[in-house]
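Sharing a structure, written as structure tokens. Questions coming.
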Amino acid sequence: MEPAMEPATAALEAESQETPAPKRLGETLLSVDDISLSFGGVNALSNISFEIREHEILAIIGPNGAGKSSMLNVINGFYQPQKGRVSFKGTTFRRMRPHVAAKMGIARTFQNIALFKGMSTLDNLMTGRLLKMKRNFLWQALYYGPAQKEEVAHREAVERIIDFLEIQAIRKTPVGRLPYGLQKRVELGRALAMEPDLLLLDEPMAGMNVEEKEDMCRFILDVNDEFGTTIALIEHDMGVVMDISDRVVVLDYGRKLADGSPDEVRGNPDVIDAYLGVSH
Amino acid sequence: MLYREAGQFKTSYGSDQAIFPIRQDQIGIALLLLVAVLGVPALAGEYWLETIFVPFLVFSLAAIGLNLLTGYCGQLSLGTGGFMACGAFFAYKLTTAFPELHVLVVFLLAGVGSAAVGVFFGIPSLRIKGFYLAVATLAAQFFLVWMFNKFDWWTNYSPSGVISAPPREVLPGIFLTGTEATPITKYLFLLGLVAVLALVAKNLTRGAIGRSWMAIRDMDIAAEIIGIRPLWAKLSAFAISSFFIGIAGALWAFVYTGSVEALAFQIDRSFQVLFMVIIGGLGSILGSFLGAAFIVLLPILLNNVPAAIGLQMSVEMVSHLEFMIFGALIIFFLIVEPHGLARLWQIGKEKLRLWPFPY
Amino acid sequence: MNATLARPLTLWLLALPVIIAVLGLALQGLAAVNASVFFAWSYFLEVLFAGLLQGVMYALVALGFVLIFKASGIFNFAQGSLVLFAALTMVGFIEMGLHWTLAFVVTAGVMVLLAVVVERVVLRPLVNQPHIILFMATIGIFYFLDGFGQTLWGSDVKVLDIGIPKQPLFVLQGVFEGGILVNAFDLVAALVGAVLVIGLAVFFHYTRIGRALRAVADDHQAALSVGIPLKTIWAIVWSVAGIVALVAGIMWGSKAGVQFSLALIALKALPVLILGGFTSIPGAIIGGLIIGAGEQVAEVFIGPLFGGAIQDWFAYMLALVFLLFRPQGLFGEKIIERV
């Protein structure tokens, strides 16, 4: 984040309550091109193409089993599609690998929380910094000196995220003991600790009450605003989707139904059919 | 009252990340080391040093090694005995081939050799998990012991298949191995080596590499997606674990028993070390020490207590009872406190913080 | 048996002669190249038969593992000590003067009692713990039972004889000169194995308890929530595994004497399981046959090249290599990981 941006952002925040501020939408950050994925004869995704632009919040919606999570899994390399390619920051991949995706700046959270349950909140966030820690294991074995310096530097970065997410009090609690809503927040924190360019959120608000949802929305918008992080999220709560997203992609049975601004999508007859049942 | 950290503020992240952040603990560990260095050799007789303290330190090192792999990285291994045998025989071949090499260097090199073997047998862990991996490590266990037993090149063609540690000096004029070595030398040498290696293990587990192991243990898929490569995390765990276990094996053969055959490292040894790790506490360096102490002391107690209260038992009976008690204890610990003695220690400390006013 | 099992089974039965022929030809080739390897077809088949029948014995032990794994997801390391304990107890009762049929019934009762105790004392407090914890708990049972059995019955090698014929038979005398030597005992063991497998398959697929067992294996909590009595199910399955262990113990005990090393035979059942897949009963049998035949043939024909005794580790190495190519075993289901 460049310092020059800060006053503008602050001004934006003040305004954003009233009028939707003009977004700094940029170039295409990631594009998926003609992706098809199947598991033993079941087509999870067929011929999906769309793109994600810099700094936007893109929502992927669709009924259960539409292939939304599979789409995220393809983007960060956990599933290998049978057909199609993924381009990120101008590099095209026939098959993405998870650690390559992580290295290039794609972070994600999971539908069913995937935290490291035996570790504390702090350690979970610190694992998010692993890729940025360069000292080899001999330095680590010695600990005192360079490894400690590095450790402290990353601890500072992690502490900023802890402050941002307001989870100071649970810093040293093993995450397995935290309630669901807090675990979701820690998981977001771990993804943020990676300082990603693209953040994939798989149902970040599932199973939350209204207050928790509001908190989570605020965090997502703040992340997008303050760090300029591009966000792609899956969400079922239409109110939330229409409020916070810049663009919406609709999937159904592994096909793409629609792609556009929330208002366009809302009016799309195919989408209405998919959600309310076919009536022709 | 005595154990309060109130008023001790941490002013930097560095001090917050220290191994012993509380001052009372720092004093405690300093006292413990002082007693270990000065008190034990002065008070404990040769018999105690030889039968309790020396094996305790050797086993602690092996338990730390296995704990790194099983407790921290979550890869269950039943091949500990095999890797210990690697360390013992590598050290023997090295020191007989290059007698002028310092014994400490021999041990470290034997550890490095064992690490290489560990990496080789760790390769299946990339495709298989849990019980399947446990069976795969059995392959290492049986193959390695067979190899050292079968080919007498490893024993320098000794007809009995036994290797005896040749006399080696640790400092000029002070023998660590062989008949001239005194228990005190052995004990102090082990104490120093094990303390340093334990510190290394602790540093690794609280740093980046340790976090990547624990991430793989807790949820390997998520670990992969935040950029940890399972290949490196698992193989490094196998390597470093086998390094520790290999050194423990070399120490077993050279310092503890003085002479050893491959059959001393059979699968029972693997279970013995695994039990130390479970009873002491999975994922705890302190636990490795506690577990080792427990398993070393239990048979001695079993041998002496019935006699002391006037009960006559045959040697066979004692060994059967030992089996039963080990088995029952394992189950007991898994049910009551899966985190082992280390956790009980921690709970005790929590209680002590509040004592004598628990509210 | 249903279609999903029948197909791979027929495939395997068809493939078996081919595999044997290929193996034989390969060894013949080896013998031609390296003079220290002795090879004759009749001897090869004799060794192979002995190995296959040995494999049946492994499979008997492996069956117990599969049962408990199928029904509770627990990898029961203590199966071997169940075998030892059952055999020791049976011998103990016979030595007290009971007829072996009566001793069998009484010992079966003891095994059921043991199952109930294990369920009550070990499994119930550990419901919903990670599988690896349960696995380690069974290592505890393994140690405990080994000690307990020997404390009760002593640790001398005992003879168990229930009148299974042991005389050598010569078969295929028309094909080979002198025929092939087969032990009648091994044939009986194979028969017992076959009966057990069919019985268990029927039990699992066609009874209400069998269905409940499979439900429990899938998810403890879900099974509890639809009203399956978890405790009873576990007690039943451990009882059945105990009785399977008793049968295995009788066969092994009659063959090799009842002694401590029986508990370690169970370790050989592990590579069998790896090959067959942890959840497949036919898999246990075929895995057993492959391991038994493979290690026997390797020991006799290839072993001399390495100085012998390679059967200590051959089975594990075979399993290890196999795991690299097919981690789920021959009959196991492929695991699709989801996030």
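First chain written, first letter: the chains are A, B and C, and each begins at residue 1.
Note that a residue touches a chain if its C-beta (ideal position, glycine included) is under 8 Å from a C-beta of that chain, and two chains touch if they have at least 3 such contacts.
Quick caveat: nothing in here was measured; it's all calculated off a predicted structure.
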Relative to chain C, which chain's C-alpha centre is the most remote? A
Identifier of the chain whose CA centre is least distant from the whole-structure CA centre: B
Could you work out how far the Cα centre of chain B sits from that of chain C, in whole Å? 34
What whole-Å value do you get for the distance between chain A and chain B if each is reduced to the mean of its CA atoms? 42
Report the inter-chain centroid distance for chain A and chain C in whole angstrom, where each centroid is the mean of the CA atoms. 49
Each of the following residues of chain C touches two or more other chains, namely 339
Residues within chain B bordering two or more other chains: 221-222, 225
Indicate the residues of chain A shared as contacts by at least two other chains. 78, 110, 114
Residues on chain B engaged by chain A in the complex (per definition of touch): 12-14, 17, 200, 203-204, 206-209, 211-212, 214-215, 217-219, 221-229, 236, 240, 283
Contact residues on chain A for chain B in the complex? 76, 78, 98-99, 101-103, 107-108, 110, 114-119, 123, 126-131, 133, 135, 137, 140-143, 147-148, 151-152, 155-156, 159, 190-191, 194
For the complex, give me every residue of chain C touching chain B. 75, 121-122, 125-126, 129, 131-133, 135-137, 139-148, 150-151, 155, 267, 270-271, 273-274, 278, 306-310, 312-313, 316-317, 319-320, 323-324, 327, 337, 339
If we count contacts the way the header does, which residues on chain B are in touch with chain C in the complex? 74, 76, 124, 127-128, 130-132, 134-136, 138-139, 142-143, 145-146, 150-151, 221-222, 225, 267, 271, 274, 278, 316-317, 320-331, 334-335, 338
